[in-house]
Structures are given as structure tokens and as C-alpha cells.
Amino acid sequence: MEKHFLILTVTVPLATATLIPLLSIRWERAGFWLASLALLFSFGSALILVGGVLVDGRIAYHVGGWAPPWGIEIFLDWVGAFFLLLASSLSLAVAIFSRIYVEQNLEASKIPLFYVLLLLLAGGMIGFILAGDIFNMFIFFEIFSLSSYALVAISGGLESLKASFRYLLMGTISSLFVLLGIGLLYSLTGTLYMPLLAQELGVLPYSGAIRAATALILVAFGIEAALFPLHVWLPGAHSLAPSPVSALLSGLVIKMGVYGMIKVLFYILGGRGSSEIGALFSLMAATAIIVGALFALRENDIKLIFAHSSVSQIGYVILGIYLFSYFGLAGGLLQVLNHALAKSALFLCAGVVISQAGFRRLEDLRGIGRRMPFLMVFFTIALASLASLPFTCGFASKYYLCKGAIERGEFWLAGIVLLGSFLTLLYCVKIVNYIFFATPAVGRGGGERSYPEVSPWMMVPIGVLGFGSLLVGIFPGLSFILIKPAVLGLLGMVR
Amino acid sequence: MKKLGAIFLLSLCGLFLLAAVTSLPRMGDPENPTNSLVVPRYLEKGLRETGCRNTVTAILLSYRGYDTMMEMVVLFTALAAALAILGRESLETCCETFVLPSLLVRMVVVIFVPLFLAFALYVITHGFTTSGGGFQGGVIVATTVIIYTLVFGLDEMVKRISPGVRMVLESSAILSFMLVGLLGIALGGNFLITTTPTLGLSDFLRRAILLLLEVSIGLASGAVIISLFCLLKKVERG
Amino acid sequence: MSAPIFTYLPVLLVFIPIILGMLIFLVQKEGVRIFLALLASLIGFGGLSWMWPTISKGLVLATRPIFLAPEIFLYFRVDALGLLFALVSALLWIFTVIFTVKYMEKESFKGRFWGFLTLAVASGIGVTLAGNLITLFFFFEMLTVFTYPLVIHGETGAAMAAGRKYFLYLFVGEALLLFSVVFTIFLGGTVFDKVGMLPTTQSPNLLRFLLFTFVLGFGVKAAIFPLHRWLPEAAIAPTPVTALLHADAVVNVGIFGLIRVIYNVFGPELIQSLGMDGLLIWVATVTMIFGSVIALRQDDLKRRLAYSTVAHISYTLLGAAVLSASGLVGALIHLVSHAFMKVSLFFCAGAIDRGTGKKRVSELGGMGYRQPLVMVAFTVASLGLIGVPPTLGFLSKWYLWMGPLEAQQSIFLGALILSTLLCAFYLLPITYRAFFKHAEGPVERQRTSWFYLLPIFVGAVGGLLLGVFPKPFLILARVVSESFLGG
Amino acid sequence: MSLIYFLVPFLLVIAVATVFTRDLLAAVIIFSAYSLIMAVVWQQLGAPVLALAEVAIGAGVTVVLFVVAVCRTTREEKV
Amino acid sequence: MSTGNFLYGVAMLLFLIGFYTVLARPSLIKKIIGINIMETSVFLFLISVGSRRGGSAPIILSGVKDYVNPLPQVVVLMAMVIAVGTTALALSMAVKIFESSGAGERRG
């Protein structure tokens, strides 16, 4: 019976998204309640599905009753379960957070549309994770890309529109690369169903066409995951989007690019040509780590710092994946979890600060830690795990990445990982200095003005994310229930 | 400078692509893997299993119905996104200074619009046997309405097809797919199984469901495209 | 090495003060904060002294490993070396709490200061009780993280600049240390039970590179020559911070790490076969000489004491790097004596600063008459530091001078003597100026409160008493040298 | 199949023309010609379904949307 | 290049032309036209992959033996729908950017 939850997790959010405009004419709070209920349903069914995966490793579902190569099959295995749990929980938290935020920051007419797009984004990502067929994956890639372009531009400012247009251009080009890659793979093998495709590719010699197809698709997902040379769109898009949206974008959407890369590298290619791809992409990841952190150091708009830091943190994840070793992959997946929890908590806190205090620049945020103590505790926990201090999940992922790099004998990669985390620590301390250890400049807005009470709707999601990153921080072993079999499964696919 | 950079990047990428393309199997010969692995079953059993003579519609609706549902979701997302950016045209559209074209043009349009609509309806409903289909029919409906709007003005069209109706139509495709899917689960099979023969539904009922889906796709895509056009056509007041 | 006796005490000893430290942040009333801080230090000292009898018999107390994630596990293992360091820190922690009560009366943000002070010292003790490289690194980094807010507590421009320098040096060291920790775990060892845990089959160059990263990693905290610049800058911090942390907890932890590396990770034979002990000795000697020479020219009292810390910590490094039994004993005893003396010297500097606002050595004229008790203690502590016979300092110098002789490197004996002389040259003039130079302004006797005098005298008199009855720490030092060098 | 060899050069010429004309409205009109020719190419490659869709979308919707967009923005392209 | 893959070459060429427009031309509308050209070129490539010499349209009629491959046509039809959606969204963004960046001279 629980196999049906596989399809319902995807279709329920998308169907509710179509219902919202109809209902919101009479009942103006429809948007929020429908969105939260749909995402609650998806989160519940995600838990049930992960339970199913724990029991028997891989759940498959033939949509429409047709056998796989002819019909479409959606499946969930260990890696999918890890990403599905992350996606559904984060979307639910952000949906609940955005109730008050949206009323304060968006015009009334756009609020139902915000929730429609939020549901489409969440449903698109969940569908992307479950897709078993490359073209199905491409369509879900389109769904969550289109909705994230719109969500970036929803606040209507000229700057955010320009940033979102640049994001749209690069996203469309990356989706065309994926389509071209699919075309090449289809012409070589004749099927779109991934396991069969992988089997057929395994037989063919490693010709130029396969290398081209992989390069195209990996570059496309590289654009989506904002890997170093292809990350130009990210700082503008993530910093100008409304805060709950940038939390989802930084926390989840760029992880979908990473998931896509995993799917291509391990499921379709089976790790073939990993030596040459690995070398190139780990070089790009290494530059991403350093350049992203340096740019983050230079900025003083709080959301711009976090946007650049996302570019650098994604470098860690991709470095981990392209090491093709147990510890590398474990470190990469752990960094996905750590960055998702920490970065979304940080963006949500920044959202509260900006909407309550109205400041974005660090100078204006002097000493705010003392006036919003409860919020700032979670802010510091998230910063600590971003900077990978001991007893945080960031430390465990940094440890495994170093181990993976040293195991392959590439000391310079381990050095880059450590240098990157040192630079991350620098800008985290820079923020902490301003927030806790600086007296508010007297001239700005009456220093000691106490800010309006932060509503529980906003505090609960931040609290859950902060507590989650603390729990996973102290016991990273908890997440290994999913990560260990996932990584072993992936390595098993490498022929 | 930007142009030179672009040309250099493109020539690099071009060489890479052309090299890849040349090593692909020859175009069009029957022994290609594309013609031998998955497709033969569609061509041989397609007619019997889905009752559609046009294999493309068969695949579209029955074998890969999930993809079509998601394709309609993409259309809906595009509309929602455009609305989020431009904001839906206000119900009482502005009285823009619109000059009616000459009588001759209006007469031609009045005669042809019903004909085009009939043709569009034909294209939607005969997707099974001829090379038509829900989506193409929907676009033709949208084009006819756009011609009507260009000739008779936005107010005239909005009076005929109000935003409320369009909003319902836009969501109709996805909801009908959802209903058909849930019906499949209710009858004990998988999602969207009702579009396949395995459940032992009577042949007539299955074809009726396929037709329902086809028509809902047509109407929905038509409504979405009309709304997109109204969004862009709306002239900012003042 | 006999099998470790199982106990949960070390875990409690480390985590209860940490939890109390966190509670301090939530408490608003000052009285409760002081009580919590004192309670934490008493628990620390009580637990450690309870373990003293078993450890002094050569046994080892250890907990069961707590697995946080595959390969990352917390494991506490209390052996003689760890206990010696922990006891010194815990004992001085109690008296620092007493000193801070009076010192922080007029300061602002007291809750934050007390909290971070407790957390810092607790994680310092956590490092000394760590049983494997990962736990050691965990508490090592927590110590740095918790000391940073203490250094920038004043929130003035200078404090922020000092904090930035402190931050840059120590966290680069942190990154290097993690690299070497991961590399060691990759090569093989992780738990400090055997003397040398690295497989000797590795290529010598790789091992030399590993030792080099270890020395850099721990060296930043142990303030060895090129990496010592953060310590004098941190003298800007409030006195309890400079006293306890920069004279005792933080710097000792650096040296403790180096000794663990030399004896537990590499083992004396491997170090000698790699020929790296020469490098360590030379680094120690250069730091000793360099630290003492610069201390001479420092006019600010606290900066002079900070540079003297840089010099004295390298005495211990020299003693440990000579790889001889009495050298190691001398190093450990010197560490204890330096901790006691230097803490009381810093407390005297703090008392003088709070009492008369004088910060510079040149302004100390006639101080002997203004705060006679403080200056008497200052003199006793300076003599102890220089190594005048009855004090513990003399005992440690005695063993330290025997060390190079045993290991046939007698030229470093000369370096030891030279730096002791330099130490005399930069400490005794202060006493001379305080008692025999008349001050410019009117001289009226000031009464320094007991909160200041008690810790100062504990430090100075403690050095004297331990000199006469060195049993508690001497036995531990002997157990350590037997276990490491089979003396 | 032979018609394609005749149509393809047109396609390339029109594509280049669309790129390098400076007047946006002209570019849009040329682009509608491009989709019409593409529709014929689909028909030649044995895909009537797509030919109908391409005509409906290319000539019908996309061009109209482009024209309306160009009317609401500038007509000249600043180089 | 074997004459057989002639259409692949044309598709790639068109792709490059479209890519050049997006990269090099400043006007937003021209970039969107460039994207459309790239899209149509990818569709041409997909359909020519599925083409078959002497095959007729995939409508099953008695007496016709070999058909053109219908799967790429389904893929391209769906991708065309996506292309319309993306173009409409891009156009509305371009219009909104132009209007909120100061109303230039605009005819009704």
C-alpha cells in the first residue's frame, strides 16, 4: 500500500498548487494553509517512504501500470531517500516561516501566487529526486527552475528582476544542454530509462559522443549547482530574493544540481571516465571554495555574504563527490545536509532581522545580538556549523573530505579544504563580531530601540532547523543511517 | 571584447559538439539502437493497447501519461510565474484608445473565427486517428481568440472569456489528470492505470477517459496561452 | 602499560563545567554566576585530586569510546602526563575565579565573561584528559573559540586588533593541526595507549612532513618563535584572561600537545631516527633567547611578562625535546613552577593596574611603599621564576640542566643558563625600582583587597612550598618519564 | 527527404539574418518565417504532429507574444 | 563528416548561432529570440536522431511497414510546450525590467 505514497508525494503538492488560485478568491488565507497541509502530507509520506527504503533498499513504482523501459518508473533508493527527507522537511519549514514574512513584505495580490510557486518548487524538486527516467528528470528540472526564477523576481524590485533574468538565461541554457545530452544518449542507446541506459552504455566503447553527452549534462547541472565558473547568477539571485526563497534556493535548489550530477556520474555512467572528469571538476570545486569564501569576506551586505558562501560550500560538496571514494562521498553528502540546515537557518534569521530591523548592511546590525537574544542563539549555532567548529556537522564533513583527499594522495585538496574552512571561519567571526561584540552606533535608529516581538510562526521553523543542525552536529552518526548505505550503493555502481 | 570572448567560447564548444556528432551512428538507418530497443513495442502493440492509431498520442497519453501531466504543470508554472511578475490584468481592463479596424476586416474575422474554432475542436478530438492532439488544438483555439482580440479589442474578448473562466480552465488539465490517476488507484491499480488496458476496463470507458484528458489538455493550454497574451497586451494605465 | 581502569569520571569532569559554563550565560544575577564558576572549578579540582592516588601508582583511568560518527569518537584516558597538566590548571582556576570577582566589579557584560572563562578552562582540562587525537583536537579548537571572546572583551579598537591577530594565528594553526590529525589517523594510530603509534614502514620524508605540520599546529599555541606574536598582543585582555589562559591554560595546552606528539604519536626512537629532535631543540633554544631578549626591552609590564612566558614555555619544550629521562622530569616540573609563578606575577600586575592605574615598568617607582604586600609577592614570584634554591623553580632548573648532559648535548646547557640570567635581568630591576627608587607623586599606602592578595600569595608561596615538598608533582613527572622513556 | 537539402540553407541564412538585424520588429518577423520553414522540415522528417504544433506555436503564439513585447519596449537595439 | 549525419551538423550549427545571440547581443528581446533558435535546433537534432530512411509518419495504417521513431517526437512536443512557457516568462520579465527601469519613450 505504501508504494502509492511515492507518486502522491509528487502529485499532491502540484495539484494543490493548481487549487490555490481558485480558492484564494473567497478565502484569502487559502494559500498558506493549503501549502502547509500539502507539504505536511509530502513530509509525512517522505517519512513513510524512507521507512520503506530502510526495510527493503529500493522502492519502485510503475506509473500507469506499464513496465519500465516503455512506461515511466519512479524509484527511491538510499541516496534519493536522503535528499527526499531533506527536501520535504526544508520546504515545510520555509512554508511555515513565510506566513508572517510574506504578509509583511509582499503585496496582497501576490501572496497566493507566492504559495503556488512555493508548492510547485517543492513538488518539482521531489519529482526530480524520484524520477527514474532522464526525460522525466528534465521536466521536473524545468518545473522547479521556472518556479525559482519567478520566486526570485516576486518582490518586484528592478535589481531582483535583473538578477532573476540572468538566472533565467543561464537556467534555460543549462536545460538546453541537458536536452542535448539526452538526445546524444538516446541516439547511442535507444532508451530513456536510466538502468537500461546505463547497461547499454556499459557495452559501448568510451567514444567521443559519450564524453560529449556527459560533459553537456554535467556542465548543465554545474550551472544549476553554481559550481565556480558557472556561478555568476547565484550572488544576485540569492541575495535579492525574499529571504524564505533564498533559504530554499541556497539550501535545496543548488543541491538538486548536485543530485543530478550524482545521478549522471554513478547511475548512468557507472563512474566511467571518472579520472579525467574527477580531475577537472575537483579543480573547479577547489577554486570555488577559495574564491567563494574570498568574495564572501569582501561583502558587507549580510545576504550577499551568505550567497557567496553558498558558492564556496557547494565547492566542498562537489569536491567530495568527485573523489569517488567512501570518505569523499560521505563527506560530500554530510556537507549537503550541514549546508542545507545551516544556510537555510541563517537566511531565515537574516530574513527576520531585515524585516524587523530593516537593515541589511553589517554596520547597521551592530549589537543586534543583545536585542534579539533568542533568535541569535540559533543564528550562532548555524554559523558555528557553517564554520565547521568541533561538535558540529560541518566538522565531521570537513574531516571526511580531508580523509578522502589524503586517501587518494592529493594533499593539496586536503589543504584547500582546510584553507577554505579557515576563510569561512573568518567571515563567520566577522559577522559575529558585528552582531555580538559591537556597541550599536548611536547615530543609527536610536540604538537601544527594542524590536517588535518576533512572531512564533517565524521562530518555530528557525528553532527546528537550529535544533536539527545541533542534533546532527553532535551526533553526525545519526545521519549515517542513510548516508552509509547510500555511499556503499553508489560505490557499488562504479564498475 | 564580449563578442570575441563569445566567439572563442562558441568555436571551442562547436568543435567539441561537431566531433561528438560525427561519431554518432548514421542517421536514419534501421539498425540504429533507437529503432530496435524500446520503440518496436509502441509501433506493434500501440494500436491494440491504447486504441490510438497515432502512436505519438498513444505514448503521450498512455505510456508516458505522467510526463504529459508534468508538462501541463510546466505550463501552469510558466503562467503563475508570469503572473507573479506582471500581475493578472485587473478585471475592469482600462479603456485604451482602441480604433476598430475597417468593416471588411471585422466581417472576415466574424466569419472565420467560428470556422477556426471548429477546426481546432476537430484537431483536439481527433488526436487518436489523425496527427492532431490536445496541445496543438489548444494553441489553435488560443490563436483564434488572439485574432479576435486584435480585431475587436481586449474589452470585447474579456467580456466573452472572463479571467475567472480562464483561471478554472487553466487548472482543469492537471486536476483531471489527478482525478484519472486517483481513479486508477481507487480501482486497485497504479496511478493513471485507467489509461491502460491492464485493468480490464471496458474499451469504451478507456477511450472516453483518454478523450477527457485530450480535451482538458486542449482547453487548459488554450486558456494559459490566452492569459499569457492578455498579460503582455495589458497596457499600463497612466 | 597496564590495561586502563574503566571509569566515567573524566567525562563528568569535563562536561559538567561546560554545562555550568553554558548555564552562566542564562543567569542574570552576578552572585549566582560567581557561585556557578566557583562550583565548576571546585568540581574540576576535586575530581582530579581524587584520581591522583591511582594515577601516581602508574595506573591509567579511561572511559569507553563514545562514537559520534564512524571514526569520530570521544575517548578520555587520564594518564600521569594529562593529570599533571589538569591539576595545575584546575588549582589555578579556583584562585583566578577569586581574583576575577574583585577585578570584574566595574566591568560590563560580566555574564559573557564568566561564561566564556569557565568554558575555556573546562575545554583546556578536556584537552589534557583526551585519550585520542580527535577528542584532543575537539577541545583544542573549543579552547581557541572560547578564548577569542575573552580577548576582545574590551570591545575597544586595540582589543579588536588583538583579537584579529589572535584569530589569524591560532585558526591557521588549527587548520594545520587538523591536517596532521587526519593524516595520522590515515597512517594508522589514533589512541594514545602505546608510545609510538605510527607504522615505521612509512617513508621518512612523509613522517618528517607530518611532524613538521604537528609542530606548526601545536607550536602556534605553544608560542614558539616565529608564531608567538599573538601572545603579547593578547596582553590587552583583562588580567584574569592573560593570567590564567595565556600564562597557564592556553600555552600549556600547546606544549602538552607537542609532548603528546613527541612521545605518544611518534615515540622517542622514531624522532631520533628521523633526526627531528635537533630541529625541536633548536626551535626551543631560539625562542628562549629571543623571548628573553625582547622581554628586556618591553616597558609595558604585562607585555614583558607575556614575552617571558614565550621564553619559559620553550624551557619545557627543550626539556621534552632532549629525549632524556631527567630532561622530561625537569620540563614538567618547570611547567608547574612557571604556571604558579607567572599567574601570581600577572595577578600582581593586575592589582597594580587596578590599584594605581600604572601599567608601565618605568612608572613603578616607589610601588613597594604604595602596595607593599603586592610587591613582596612579586619579588618572591620573580625569584621563584629565576630558580633561586628553596623554590620549585630551582628544582626544575636542576633537572633541566641535567637533561642535556645526559643526552650529550651540553651546548644547550649554555643556552639554558644564558636565558635564566636574562630572566633575572628583566625581573629583578622591577623589584629594585619598586623598593629603592622614590616615586614622583605623593606616596600613600593603599590597601589592596583580599580578593587580590589571596591568589597572589597562593601563586608565590605555592612555588615556595612545592619547592620544599615537591612530592605531588614530582612523582607524577617520574611516572611520566618511566612510562615514556622507560627510565 | 530531398526537400530538406533545399530548405536547410534557407534555415541557416534566416537564423543569421535574425541575429544581425538591428530592428527588433524585423527580427521577429524573420523569426516567424524561420518557424514556418522549420515546420516544413518537421513534416519532411516524418513528424506531422510536430509540424502542426510548430506552425501553431511558432507562427501563431510566439510571434504574437514577441510583437506585443516589442511594442511595450524599445524597437531599436542598442549595440 | 559522413553525409548521413548532415542534419546533425546543421542542428549543431544552429545551436551555436543561437548561443552566440544569447551571449553577444545586448537587447533582452534578441536574447530571447536566440534562446528560441537554440531550442528549435535541439529539437531538430532530436527528431533527426529518431528519423528513419523511407519511414512514414508514426500513424499506424494497414500496409505500411516501417515507421519513423515516435519517441523523440513526444519528447520534442513536450519540450516545445516548455519552450513556450519559458519564452512567455522571459518576455514578461523583459517587459517588466524595461518598464521599471524608467519609462523610455513608448508608443501606445
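Order as written gives the chain letters A, B, C, D and E; numbering starts at 1 within each chain.
Keep this in mind: contacts are C-beta pairs under 8 Å (C-beta built on N, C-alpha and C of every residue); 3 or more make two chains touch, one makes a residue touch a chain.
Computed from a predicted model, the values in this text were never measured in an experiment.
Trainee: Which chains make contact with chain A and with chain D at once?
Mentor: Chains in contact with chain A as well as chain D: B, E.
Trainee: Tell me which chains count as touching both chain C and chain D.
Mentor: In this structure, no chain contacts chain D and also chain C.
Trainee: Taking each chain's centre as the mean of its C-alpha atoms, which one lies nearest the mean of all protein C-alpha atoms here?
Mentor: A
Trainee: Comparing centres built from CA atoms, which chain ends up most distant from chain C?
Mentor: It is D.
Trainee: Of the chain pairs A-B and D-E, which one is connected by the greater count of C-beta contacts?
Mentor: Higher contact count goes to A-B.
Trainee: Would you kindly tell me how far, in whole Å, the mean C-alpha position of chain E lies from that of chain A?
Mentor: The mean C-alpha positions of chain A and chain E differ by 29 Å.
Trainee: So what's the Cα centroid distance for chain B and chain E, whole Å?
Mentor: Inter-chain centre distance comes to 16 Å.
Trainee: Please tell me the distance, in whole Å, between the geometric centres of chain B and chain D computed from their C-alpha atoms.
Mentor: Comparing mean C-alpha positions, chain D is 19 Å from chain B.
Trainee: Measuring centre to centre with CA averages, how many angstrom lie between chain B and chain C?
Mentor: Using C-alpha averages as centres, the distance is 75 Å.
Trainee: Listing for chain E: what residues touch at least two other chains?
Mentor: Residues 7, 13, 15, 19-20, 28, 48-49, 51-53, 55, 57-59, 67, 71-73, 77-78, 82, 84-86, 88-89, 91, 93-96, 99 of chain E touch two or more partner chains.
Trainee: Can you list the residues of chain B that touch 2 or more other chains?
Mentor: Chain B, residues with two or more chain partners: 17, 21-22, 24, 32, 34-35, 38-39, 42, 54, 56, 64, 67, 71, 74, 77-78, 81-82, 85, 131, 133, 135, 225, 228, 232, 235.
Trainee: Can you name every chain pair that touches?
Mentor: The complete list of chain pairs in contact reads A-B, A-C, A-E, B-D, B-E, D-E.
Trainee: Which residues of chain B touch chain A once you look at their complex with the stated criterion?
Mentor: 16-17, 19-25, 32-39, 41-42, 62-67, 69-71, 73-74, 76-78, 80-85, 87-88, 164, 167-168, 170-171, 174-175, 178, 181, 184-185, 189-193, 195-196, 198-199
Trainee: For chain D, which residues count as touching chain B in their complex?
Mentor: The contact residues of chain D facing chain B are 48-49, 51-53, 56-57, 60-61, 64-65, 68-69, 72.
Trainee: Inside the complex, what are the residues of chain C that reach chain A?
Mentor: Residues 67-72, 137-139, 141-142, 145, 148-149, 152, 155, 160, 163, 167, 171-172, 174-176, 178-179, 182-183, 185-186 of chain C touch chain A in their complex.
Trainee: Could you please specify the touching residues of chain B with respect to chain D in the complex?
Mentor: The touching residues are 54, 56-57, 123, 131-133, 135-136, 139-140, 142-143, 146, 225, 228-229, 232-233, 235.
Trainee: Along chain E, where are the residues that touch chain A in the complex?
Mentor: It is residues 15, 19, 22, 28, 31, 35, 38-39, 42, 45-46, 49, 71-72, 75, 78-79, 82, 85-86, 89-90, 93-94, 96-97, 100-101 of chain E that touch chain A.
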